[in-house]
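Before we start, here is the structure in question, set down as structure tokens.
Chain IDs A, B, C and D follow the sequence of writing; residue 1 opens each chain.
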Amino acid sequence: MEFLKKINSKAKQDTDSGFGTNASNYGGRFFTKNGNANVKKVGVGFVESISWFHTMLSIPRWKFLFIILLFYFVVNLFFATLYYLIGVEHLNGISAENDLEKFAQAFFFSIQTYTTVGYGHINPTGFYASFVSSIEALIGLLTFAIATGLFFGRFSKPEAFIRFSQNALIAPYENGIALMVRMAPYKNTNLSEAEARITLGLSLEENDKLVNKFYQLDLEMEKINSLTLSWTLVHPITKESPLYGFSKNDFETIDGEIIVFLKVFDDMYSNHVMKRTSFTFKEIIYGAKFNLMYDRNTDDTKTILYLDKLNSYEKVVL
Amino acid sequence: MEFLKKINSKAKQDTDSGFGTNASNYGGRFFTKNGNANVKKVGVGFVESISWFHTMLSIPRWKFLFIILLFYFVVNLFFATLYYLIGVEHLNGISAENDLEKFAQAFFFSIQTYTTVGYGHINPTGFYASFVSSIEALIGLLTFAIATGLFFGRFSKPEAFIRFSQNALIAPYENGIALMVRMAPYKNTNLSEAEARITLGLSLEENDKLVNKFYQLDLEMEKINSLTLSWTLVHPITKESPLYGFSKNDFETIDGEIIVFLKVFDDMYSNHVMKRTSFTFKEIIYGAKFNLMYDRNTDDTKTILYLDKLNSYEKVVL
Amino acid sequence: MEFLKKINSKAKQDTDSGFGTNASNYGGRFFTKNGNANVKKVGVGFVESISWFHTMLSIPRWKFLFIILLFYFVVNLFFATLYYLIGVEHLNGISAENDLEKFAQAFFFSIQTYTTVGYGHINPTGFYASFVSSIEALIGLLTFAIATGLFFGRFSKPEAFIRFSQNALIAPYENGIALMVRMAPYKNTNLSEAEARITLGLSLEENDKLVNKFYQLDLEMEKINSLTLSWTLVHPITKESPLYGFSKNDFETIDGEIIVFLKVFDDMYSNHVMKRTSFTFKEIIYGAKFNLMYDRNTDDTKTILYLDKLNSYEKVVL
Amino acid sequence: MEFLKKINSKAKQDTDSGFGTNASNYGGRFFTKNGNANVKKVGVGFVESISWFHTMLSIPRWKFLFIILLFYFVVNLFFATLYYLIGVEHLNGISAENDLEKFAQAFFFSIQTYTTVGYGHINPTGFYASFVSSIEALIGLLTFAIATGLFFGRFSKPEAFIRFSQNALIAPYENGIALMVRMAPYKNTNLSEAEARITLGLSLEENDKLVNKFYQLDLEMEKINSLTLSWTLVHPITKESPLYGFSKNDFETIDGEIIVFLKVFDDMYSNHVMKRTSFTFKEIIYGAKFNLMYDRNTDDTKTILYLDKLNSYEKVVL
């Protein structure tokens, strides 16, 4: 295969990528854009296969609130049905004229019990209604205990508030060219001790067999003390680089992927946070350089970081 | 002892295993299958010897819920008894015909107080009933505060969602053989920076004295960047290995154990999690190799990981 | 430029400061006194640009309590208005003589619902009032769940309880001079494994272009095992130092900044905490030395640390 | 001073102990037995000098519960007084015959509001009583939010469940002697990656000036993989040791201290935990060795660790 020869024989192969090198398991990309492994797990039950708590922490806010509301409605519908079946005559203070009203009042009594509001203008008499309301109040308190945990979990979940540029660039660098990826923090957080790593993943045929190959791309700077402005990761495409000799056309036709790993200490959490992203070769712009995205403000008292310019680049001829 | 000579004199002994080398303290295995040290501690009181909070976090869900339910019932039984002893005539709104009904209504009043539902159709009059209900409401709120902590603790407890193969294999490897253990992540989590370590523990007689000996087993790869598919730990049984020269029969007759330590960074917790397991020599299959457990899906967009194949192997002649 | 020549050509330049070296982005200081990067981010929406949870954890206590109180008031005003619009005749037990009283009673009913007190002397009848109160009770419980998380977050937020001296000093040291910064822990915490780092930032013209330059300042001691008393960071101004040859006048006229990074393990949180501060050249006292700030107590049983002497120094001639 | 010559000139001095070497700040011991620095901080206000949250996490359980109970009582006394001053006639449902009864009922109404039980048989009428109860219910919920945080904080606070022997021993070791300290885990936790460090602190006169000197004591083994049984730290007193040549009498008369630092990863918290302790020279037994504290159980299935033998030693002649 012609293209295989392109890969630099001097390039350091990366054997510890976590994606095996044998067998044809490449499925279009190794990591999705937001950094999850592009892997589907089968052979375990659904319940076992997900961590529901962390799923509740990750889903969008509106879904989270919708689930809470739905749960609230369904649980109370269930208990309202129970009270209705026991008989609303065991709920003191109900004055309903028809079945629908009876059910509605049972439903509202259920809510008053579940939330422990307990106005008391409706109240249970007899063993069964009292017993069911006892269980409901317990369940109410426990689910609010769980909700407290979920809210706190959502808020306090360590997360790297960092954005990557949409594209990776092949840009001029010193006397040659380099692969560049840019990132910037976008929230009011203090990030320090940032460490980055770039892996190149290729899916190719070797002796008529599909193989995955991974290479570590050396960075000009792998660590910075504080990540306060934008940071451009620069992999110089020297003779040692596995990308050495790749043409614009190669990037357009080969199935390859640039995987970026970032680890940074966030003061807010006093913890290290991780972030991953990936760029397929189709997301690499050959011949472009990033525009500067910061500047001093007019009265010279602060540096301004323009986050909307994160992916701003201009074309250059290499 | 014949077998002692088998152990490679070049093998690196591991002096820092945490299990002493002197004295006859070997009790069948050093670690249980799920990674706890096989040690019983005596000489401290029961209360001191366990961390009850963490026990509540580790017990199965049904036990946890049962304990909550039992506690709820017992506490309210206690307070119901108090109200009953004070006299239900100090509880306004009770209309009971016999002692059982009186007690039942005191019990339900207790629950309405404990959960702070407080319908109020039953309410305390007089100092004693009011005082007891004041204490009960406080205890109610505090126990729900504790329950909130327990639920959150259970959900947010860092845990390595990784499974190990049931067996370790002695498999062909390059031109010789190797000890192999396989693991795979089984939940929707992102694991990175995985580090593994294997220790061999042997309990044997040396100069008529029982001794424990520990050896570090060198791995072909000790770290991987991301643990997204299965990972097979490979200890090549070379001339430097303490297992060099062990026959199938040796594995069947010797009291030995393979202890596996894993440390991995889990994005979900932004924290390192640890996992341990152990394989006794009886759990080692001599002459077998793991079957591949992943594949690409039909439309080539994802890698599929078959978790039910984690322990799938086929016999081979070594 | 005359002053540029002053900078020691042997000095180690620090390329990984997180503030780029190109372009004129210097805005008076790189870090504020309390360690935040002096950067303004534009180009993202307000909501995206802040982490509101962590803002709530960082604001002063009185602001936090004021926000809670305001929120409590506004939410109940909103629901009171709803009940008022539905009609207070759907709230049983209201006995008001005029509109203001009606509204006030609707307001207090709202509070009794929101807090789940639910005395019940006012209670909802009819579908609309019951429905609104059902939603309000849910919102009440959820906001208190959030409040619980906020309180816990505020209390448990890892923070380095360390103070720095107001000034950095140029003090006599051995046979020469040194830059000194002092710090001390001020709470009842156990700090260990402290690590410090000092970076010098300069904003200067080079070939008619404004440039930022950063230098690592070597410390006589970079780590200490436990931070129990005061700790004076000492950067000896030797021939290798970028500050070598700087006169008192230089410190007064040049735009420079000393950035101090501290990382320490706090037992209380079982976590590393970070602290930063910065000293502009104007905050450096040329020719002064720190007075000792600890002593043994009268009965020789404890060491006394005088925190009010943290910035206490006396002038010396260099 | 005669004794000064005793200190090995080859011994590595430890300059980074966190206790300065200059000045007479030695106050009997550097660290207390339970590992806190023996330092008193003055010059900051009381409120600033303590972290009240963490104090609440560290105090004994009975004190913690007492404080909660006291707070509950005092707050309700305060609000009861307010209601009493407003006039109990604004509390519906009170039927008191004298002032004490009125106050008692106001007190119980306060509690029913504070805990949000809100039976409602007593309920507020008029603006002032309603307003005060609105504030009280808010405060009630917020304090229970805080209590939830405190309980969770107490339970989940990372802590090293490790005990040290009461005494350090000077014991025979190989062909010479060694300083030995023993420790053992005492709860159902999995500890791994234990690291220990011993520092020797001496307070002595040098040229008629009191000086503190610190030395690092080299350990035969500084790290172990898992801390499952007891661990004896061994510092061989070789010619390089600062303790070389110390006689029994020296240990009895010199003001010295052995400071032990331990860092270990606890699975339960997925976190590193720290533990410190110190032994004054008076707590060192010259000429003794530890008895073994573990054994296999009768049916050879487990190792038994006898925690009551942690400090068990027998005298030997050196």
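Assume a contact is a pair of C-beta atoms (placed from the backbone, for glycine too) under 8 Å apart; a residue touches a chain by one contact, two chains touch by 3 or more.
Nothing here was measured: the structure is a model prediction, and the numbers come from that model.
Counted by residue number, the contact pairs of C-D are over half the same as those of A-C, the matching pair from B-C, A-D or A-C. Farthest chain from chain D, judged by C-alpha centroids: A.
Computed centre separation for the pair chain A/chain D is 39 angstrom, with centres defined by C-alpha atoms. Taking the mean of the C-alpha atoms as each chain's centre, chain B and chain D sit 27 Å apart. The multi-chain contact residues of chain B, meaning those touching 2 or more other chains, are 112, 116-120, 148, 152, 269, 271. Chain C meets chain D in the complex at residues 68-69, 72, 104-105, 108, 111-112, 115-121, 144, 147-148, 151-152, 155-156, 161, 185-190, 192, 194, 221, 223-229, 231, 265, 267-271, 292, 294-297, 300-309. Interface residues of chain A facing chain B in the complex, by the touch rule stated above, are 14-20, 22-28, 30, 35-44, 48-51, 53-55, 92, 112-113, 116-120, 123-124, 127, 130-131, 133-134, 137-138, 140-142, 145-146, 148-150, 152-153, 157-158, 197, 199, 261, 269, 271-274, 276.
Listing the residues of chain B that touch chain C in their complex gives 116, 118-120, 148.
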